[in-house]
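First chain written, first letter: the chains are A, B, C and D, and each begins at residue 1.
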Amino acid sequence: MFTKILIANRGEIAVRIIRTCREMGIQTVALYQSPDRDSLHVRMADECVLLDAPDGFLDQDAILQIAVEKRVDALHPGVGFLTERDDFIARCEQAGIKFIGPPARIVSHMRHKLEVVESASRAGFPTVPRSDCVVNEKDIAAVGKEAQRLGYPVIVKSCRGGRGRGSRLVMTPDRLGSAVRRAQAEALTIYGDRQVYLEKAILPAHQIGVQILADNQGKMIHLGEREGSLLSGNQKIVEEAPSPCLSSALREEIWRAALELAALFEFENVGTVEFLLDERGNFFFTEIKPRIQIEHSLSEMLSRLDIVKEQIRLAAGEPIGMTQSDVHLLGWAMQCRISAEDPRKQYLPSPGYLQSLHLPGGSDVRVDTYLFNGCVVPIEYDPLIAKLLVWGKDRESCRLRLSRALDETRFLGISTNLSLVRRAVEQPPFVAGNYSTESSPALSVEDTADELLLRDLAIAAAIAYWRRRSSFQPELPDRLLSGWHRDSRRLPS
Amino acid sequence: MKKLTVQVDGGLFEIGLGIQPAHAADLVVEVDGRKIHVQSPNGSARDAASEWFIIEGRPVEISIDEGFGWIETRWGTFPLRILDQTRASAPPHVGDGRVKAPIPGQVTHVAVRQGEDVHAGQPLLVLEAMKMENEIRAPKPGTVALVNVKPGQRVALNELLLEIQ
Amino acid sequence: MFTKILIANRGEIAVRIIRTCREMGIQTVALYQSPDRDSLHVRMADECVLLDAPDGFLDQDAILQIAVEKRVDALHPGVGFLTERDDFIARCEQAGIKFIGPPARIVSHMRHKLEVVESASRAGFPTVPRSDCVVNEKDIAAVGKEAQRLGYPVIVKSCRGGRGRGSRLVMTPDRLGSAVRRAQAEALTIYGDRQVYLEKAILPAHQIGVQILADNQGKMIHLGEREGSLLSGNQKIVEEAPSPCLSSALREEIWRAALELAALFEFENVGTVEFLLDERGNFFFTEIKPRIQIEHSLSEMLSRLDIVKEQIRLAAGEPIGMTQSDVHLLGWAMQCRISAEDPRKQYLPSPGYLQSLHLPGGSDVRVDTYLFNGCVVPIEYDPLIAKLLVWGKDRESCRLRLSRALDETRFLGISTNLSLVRRAVEQPPFVAGNYSTESSPALSVEDTADELLLRDLAIAAAIAYWRRRSSFQPELPDRLLSGWHRDSRRLPS
Amino acid sequence: MKKLTVQVDGGLFEIGLGIQPAHAADLVVEVDGRKIHVQSPNGSARDAASEWFIIEGRPVEISIDEGFGWIETRWGTFPLRILDQTRASAPPHVGDGRVKAPIPGQVTHVAVRQGEDVHAGQPLLVLEAMKMENEIRAPKPGTVALVNVKPGQRVALNELLLEIQ
């Protein structure tokens, strides 16, 4: 087993990886850039190094140099950043530092998403209907025919692309020509290659991912599926496992397809086989994510396995050491992504000083966060500040526990999407387990309430207003600097 | 006695205060002429952003923004309007057409030019912060009177971006 | 099902019960005395009432009156206080308010501990060897003979007592006479009855409790055993489930005995059948606790059942609705009791203003607490402030997770027994799973460390000292009152 | 330069400070003549009770009591002694025989009388607080010179309970 791991990431995922390393008795080295110097992952690691590089967590040279200097045996990329950079993985391999993730050749293969889909298609797996690569926008009649064959809506996609950049959704035939022209121009700019193709748009859809663990002897197991269809903008906000929209027969079929697809690509380490599901129960393979995902924790709650621990073990060359029948997926899990965004400013990012936080507790509640009282949420990174997860023995008890946990949560000093998440969990399609990518919760900030509650809130608001406007100010600094005063609980009246 | 008109969501209430000092732990307020007993356990606590009260035996914890425009509770977030009848000053006026940076960040794209007519909600520029591209939209219809920033420019919180007349 | 429950308790257990009620859609009414007015359970409840009564949470009249006024259907006593007062339970029953716990007749029976033990003994269950009640201390020769028969050490106990009051441990024959005299005098003072008896002292021992759920149709299941042998003073500090000292055969035997004993006493609702286990694997029934215990949460982690939810369901007259074979006890759980006690003052209670707290997060960690930033730990109540639990797939991974979680925990402003707990978890007998009631961790506050760590700590201490003594003070109030300043992360140097 | 002698558990160190201001984010200290680089990310943070440093790349979070008698860390709690060579004043003297209430509470039992000889560690009285009976023991051997409290009496923090000479 490894003795020291460099964590090439920050925020909640770095904290989460350090926790597992500590439980495994593995030393950790944290990286930080200057805005993050006071961040929790830095304090929790055994060692920390300033990442003083222009490209930050994407700077391969700087990160490799630190890895070598700190004499780590392995490097964990977390999520995002260098997770899918096969060139970096190859450099780690050359430097004798184990990259915790699949080998470079697999990641390199997975990055070519169209090739992956075509291979899967040739092997007989269902994939989203698509055209061949279109090279010439002048023959718009031929393109139109192809779109007609697939059926509208269609998506124009770059043959080289990934991550959806340069993709365009076309709802009706009259918009096709300009969409193709623009997509080609964009593809040329971004990827240096103007080839695009058409894909049928699955709308509404369900986004289903099956968690896979695979060792280097070809043994594989899955930890069931997750559904991440509830979006706000393009961000997943509430995810759950299992998926509420699958029959047991369909679920078994998707699990089997996921394992077979992972085997087809000789997948190793930890990844997710992703599918789109349409309203009629057809599923289509889309890609394999060769890394842990933010929502991996959902599968941890159902299987009671630590996926990062398994990932480290697998990267160290250990066998899986269990069979599919040893995996028991029990109950239901839901996860919310809490972001520093201001609902009163159209969900703009809301970084800043976190005066105080109160996290939910009790049974089967899990919070992964890098926040602490008095920390600063830096403006330089993405706004995800916490993952809140709960488990329940069935979907409804899980959902009620999530509501309860959200009610307990408080962030003072920064704005968050907490009220949006709370509303998402209460909206009828989600309550019924009958939602899709088209069921975004209302982004409005307003809720409804009965008259008595409104009156109570008006009273509370009036007193709060009066107090803040009144010339008498409570003596805050004094109390803070001198610790506890019994009397301070009540001021002279 | 201090009088406030408070609107929370659809509810409009006349509230009388000032029978006791503002920071008393036990308060009586008048709502639409009726006396209501309110306890304020942490009247002196440090977290000015979160306050809690016991109103006729019901615990009510709230959080109100600096501008008194929203009230957040465990039952949801509601728009708030407070009219202070004993103060001359109204709440600060917004919507004068000056578009300011709602967060610090970097301007990556400016979509309009001086003299251009815009409709309410039309994208004006893109401000990048926290790895997100945030579209800034026109708060009202009008003509762009001033464009104060260029693509690539870093702006501070509340810095003037452009003005609509 | 009930629609509104009065919680006749405070602190972490009240918070814990409110959480379950909210998840069940049941309204809650909290009680508070004036020192507790700002406490978390009050804020979390739907309604709250000042308990303005001289006897506080023991004041039956006042609590019943509030229950009636607030029109609750049921009352939850929590742990301690009115849990074992059969007179109170009878009064609730008369008032038409369901007491969440066993019926009065069962609690009344369970309170007579000696009778319960004698009944069990007559029914053939092993109990701790004891003498008949001794009425006369003058015949010390007969008492001595009885002690000789049981074998030293022995305990002199009141025939009326419970909770250990008036009990005296006698290690050698020469101390027997005076111990009997003193125990009789105390028994007379406390219970109005000078009758005492001798019981063999099981030293060292293991304290084992089996969690029982029983409905009012005579159906019963158990949720396995817990071990609570690691004591500091007379307080349990670290508990675990399952017990590490039982063979599977012995475990099965104790489970069977627990169910049979519960059946013997026609037990209903939720309770714990308690045993002492000696070093040779003999177990002795001691009593049935007719209530939830602080450590019930351990069994929740293994069974993934919510015991308070089951308790409420059972009190409402619902059947258990599952059989023993539906209960799957998986993995290992450990619980620490965190108390506001000052290790630097011989573990005296340490109430006060909690400036800031940081609780551990991540997978399979549970915290039950009534603390929040800026709260006051009142001097009027017991010093238990938090329960910290973790789950692991086996004992060692559970223990390592506990260590990790303890490392993350911070309380600023009050002193706690955290360092004692951390040491208890690291001491060799606990690591080996080979400890007993005689394995109390050292109460000393000192730990050991290597030279480099000591040097780092000396540097840190020197800078901290220098800063606090230096005339330049950071401008705390400004920063706090005005929110986030980007610059405040770094002072001019 | 400021010089401190710091004893942590068994380790004794001579530490030189003052090359930069106390609240600088980057510090150099001298330990037994060697220069050590220390970073102090939250040099200005509010939680004076907990501080954290990066010492040669190792994160070190500590909590020190007001009297500088103990240092708490995630590696354990250690006794601390700081000798300030540039200050005349020594740390406050303890152990003068005055026994003060370590917590507020109620005296439930007094076990000694004025004039009685006691040995170190002998129980003197019982102070009830937080539902616990807390035994207060003699800090050193001597004669009870004064008993200042009676059973049933409530005492405040640091109130004089009795005196041993």
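What we mean here is this: a residue touches a chain if its C-beta (ideal position, glycine included) is under 8 Å from a C-beta of that chain, and two chains touch if they have at least 3 such contacts.
If you're wondering where the values come from, they're calculated on a predicted model, not measured in any experiment.
Trainee: Any chance you could check whether A-D or C-D wins on number of contacting C-beta pairs?
Mentor: Looking at A-D and C-D side by side, C-D shows more C-beta contacts.
Trainee: So how far apart, in whole Å, are chain B and chain D when each is placed at the average of its C-alpha atoms?
Mentor: About 47 Å separates the centre of chain B from that of chain D.
Trainee: What whole-Å value do you get for the distance between chain A and chain B if each is reduced to the mean of its CA atoms?
Mentor: Distance between chain centres, rounded to whole Å: 31 Å.
Trainee: Could you list which residues of chain B touch at least two other chains?
Mentor: Chain B, residues with two or more chain partners: 41-42, 45-47, 58, 104.
Trainee: Of all the residues in chain A, which ones touch at least 2 other chains?
Mentor: 37-38, 44, 351, 355-356, 373-374, 379, 407, 413, 476, 480-481, 488-489
Trainee: So which chains actually touch one another? I want all the pairs, not just one.
Mentor: A-B, A-C, A-D, B-C, C-D
Trainee: What does chain A use to touch chain D in their complex?
Mentor: It comes out as residues 30, 37-38, 42-49, 373-374, 480-481.
Trainee: For the complex, which residues does chain A have touching chain B?
Mentor: 340, 342-346, 348-351, 355-356, 379-383, 407, 410, 412-413, 419, 422-423, 445-449, 451, 453-470, 472, 474-476, 479-480, 488-491, 493
Trainee: Contact residues on chain D for chain C in the complex?
Mentor: Answer in residue numbers: 2, 4, 6-11, 13, 15, 17-18, 20-27, 29, 31, 36, 38, 40-51, 53, 55, 58, 60, 62-65, 68-80, 82, 84, 87, 102-105, 129-132, 134, 137.
Trainee: Give the list of chain B residues in touch with chain C in this complex.
Mentor: Listed in rising order, the residues are 39, 41-42, 45-47, 52, 54, 57-59, 61, 104.
Trainee: Can you check the complex and tell me which residues of chain C touch chain A?
Mentor: Answer in residue numbers: 15-16, 19, 22-25, 37-38, 44, 297, 300, 304-306, 330-331, 352-353, 355-359, 361-369, 372-374, 376, 391, 393, 397, 400-401, 404, 407-408, 413-414, 476-477, 479-481, 483-486, 488-489.
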